[in-house]
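Look at the two complexes coming up: subunit A is in both, with subunit B in one and subunit C in the other.
Right, the complex of A and B next:
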């Protein structure tokens, strides 16, 4: 299975995916990718590349090749289960719409 | 891309899904099926764009040591650093289409790949740092804002990040010119002389006129490009005129005048011969820019290799001690 950012080519350094927490209380969010020889350099490069304007208080890096993803060609069947199950959303229940604090 | 109704039945399910995404103005993501021509167009456009950012570091990098104050030096460094960053975002976006970075680097230093012709002009005066920010980055922003909505997801996301960072580039350039225009007569002349040189090349950054730009039609049908070259150029001129008035500089075009009927400024014919000459490699600095990039790439090779060798060795040592411990 291929990883999301893998171009499958010859690279001097491996590809890393970068996740940044923009401030305390928020999740790390994918910011982009970069090349680096090892994890230490990947974190430093990520700081220089993605937080030049104080965009982050914490950085995660993950080797792109270590990411497993769902099969893009099978997304129809794979995500089929919630289809037609609108009753899992509050908006499905319309009778109670006018009731306060509900 | 619109397809005639009769054709639709002959499309494969992947093709139909791609057409549906484009028609619904949704985004195409890296591992979706896409037509080869779409992939090739994007690889060419995104890598050229990345190369432009990387080569774009040179005309300004050239002035860092000579900038007139510590503040100006710091600003210029921040800007050049941003350009390196923008190049990297874009190379990453191009890579998701299946081209590797080494190949793109080679295409740039062997002269096989193109980059924006604007960077093949020399920057002989300090005022050129102002003109690059105001006119060149201004034109780039005009071009790039609609690209944030490009149909290819990674490209749009890279452009969103770039546009956010780019906004200071134009302002700092404008302020360099404003400072000069408030200065001595010699400083005002320096600003005007620089604007005279950069105005037309900046307008040509939007590419040839629409009727000579066959590829743009297709890019627009694919929602990569949202506005035509001429539309963007007009929009840029309309923004520039009031800004030039605030600066007190004259835009070097005798035909430039407000057209009440159109609600736009009319402007003179551009010298497309010059554009094609620079594009063909006969600009002021084509050879210089590529040679400098090649030298930087080759001089840095040992650093990249040493860092990799070190990482490999550390990984090997870690594996060894793990074996010993078990």
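Right, the complex of A and C next:
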């Protein structure tokens, strides 16, 4: 599956998704996307575009076409089935008096 | 200013120099003026790429490098100006062509992207070696400016080398264009490492550029050959930038740099 913006053609640089970790101990978070001829330059472009204000200590890039995503049109069957199933949350259950350490 | 987020910087800035009671000695100011002009002129040339680079991302990359250089220029000119009670703007906008000390490499027209990369590679390696040595200058302010700049120019070297490799090892056409860019810029290498008329008087505060040549020769020809290109053998240009001798293209560039400040003296925005 090709991603929007990725022509797959040689005349256009491929699209890369950029993930920035803002400090040690936190996760990499999606920051945006950019074009670059290859992964090495993608990291450099990401440095210039997304870390100019000391936003990050680590950068990941991944070719947008290498990301497999869920289908936006399948929102119903994918994400709406948990509705009405509050028992899947711990807060649904009442505390039993006899059970210690809860 | 009160920035609550991220890093609170303690690095030297033009504002901190201007607000301090620092006064450069005459000899140090004369030396710093040349270094400041080098950075200012190349920063302006890189700014000309904005909206014209091959891709938006490269607009930003070249713009970032230009802004780093503009930062170096501001600190160096501000510091030089303390000797004569002049501001960075006085020095940047109200000197004429023959008063600019910049080496001729930096004023060379951008040419195509490959020519700009060739100029930037030569410039960045020169700046990196210079600032590495200058960061232990006997003049504490020059040392602090150089130490801050060094981290930035090390990245500029990387950017240029990455592009040198991609263009040199890309297609036959990109290799030809990259070689032509190197050939066009190479005559201006010798001037960078020649005798600087303002170095001797500044003593231990200054770096004799002639001492930087071995490091340049150890790095750049290797980068060029590793990118499948040939080290140019073109004869050196006449030079003389430090003495105010500039190439034909410098005048129009300087006019563009100065026109707004001269049309509206003292304007702020």
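Throughout what follows, the second predicted complex is superposed on the first by the 81 of 102 C-alpha atoms of A that agree within 3 Å, B and C clash if a C-alpha of one lies under 4 Å from a C-alpha of the other, contacts with A are read in each partner's own complex, and residues count from 1 in each chain.
We take it that a contact is a pair of C-beta atoms (placed from the backbone, for glycine too) under 8 Å apart; a residue touches a chain by one contact, two chains touch by 3 or more.
Keep in mind it's a predicted model, so treat the numbers as computed, not measured.
Asker: Given the superposition on chain A, which partner contacts more residues in subunit A: subunit B or subunit C?
Answerer: Touching more residues of subunit A than the other partner does is B.
Asker: Applying the document's definition of touch, where does A:13 land relative to subunit B and subunit C: first, second, both, or neither?
Answerer: both
Asker: Examine A:32 and indicate which partner it touches, taking first as subunit B and second as subunit C; both and neither are also allowed.
Answerer: first
Asker: Kindly classify A:44 by the partners it touches after superposition: subunit B alone (first), subunit C alone (second), both, or neither?
Answerer: second
Asker: After superposition on the shared chain, which partner residues are touched by A:54: those of subunit B (first), subunit C (second), both, or neither?
Answerer: second
Asker: When the two structures are overlaid on chain A, which partner does A:80 contact: first (subunit B), second (subunit C), both, or neither?
Answerer: In the superposed model, A:80 contacts neither subunit B nor subunit C.
Asker: With both complexes superposed on chain A, which partner does A:72 reach: first (subunit B), second (subunit C), both or neither?
Answerer: So A:72 only meets subunit B here.
Asker: Where on subunit A do the contacts with subunit B and the contacts with subunit C coincide?
Answerer: On subunit A, the overlap between the subunit B and subunit C contacts is residues 13, 34-35, 37-38, 41, 48-49, 52-53.
Asker: Of all residues in subunit A, which touch subunit C in the complex?
Answerer: Going through subunit A, the ones touching subunit C are 13, 34-38, 40-41, 44-45, 48-49, 52-55.
Asker: Hey, which residues of subunit C end up touching subunit A in the complex?
Answerer: Contact set of subunit C toward subunit A: 6-7, 55-58, 60-61, 64, 158-159, 162, 166.
Asker: What part of subunit A is in contact with subunit B in the complex they form?
Answerer: 2, 4-5, 7-13, 15, 32-35, 37-38, 41, 48-49, 52-53, 72
Asker: How about subunit B: which of its residues touch subunit A in the complex?
Answerer: It comes out as residues 29-32, 78, 81-82, 85, 88-89, 92, 95-103, 157-158, 161, 165, 304-305, 307-308, 310-311, 314-315.
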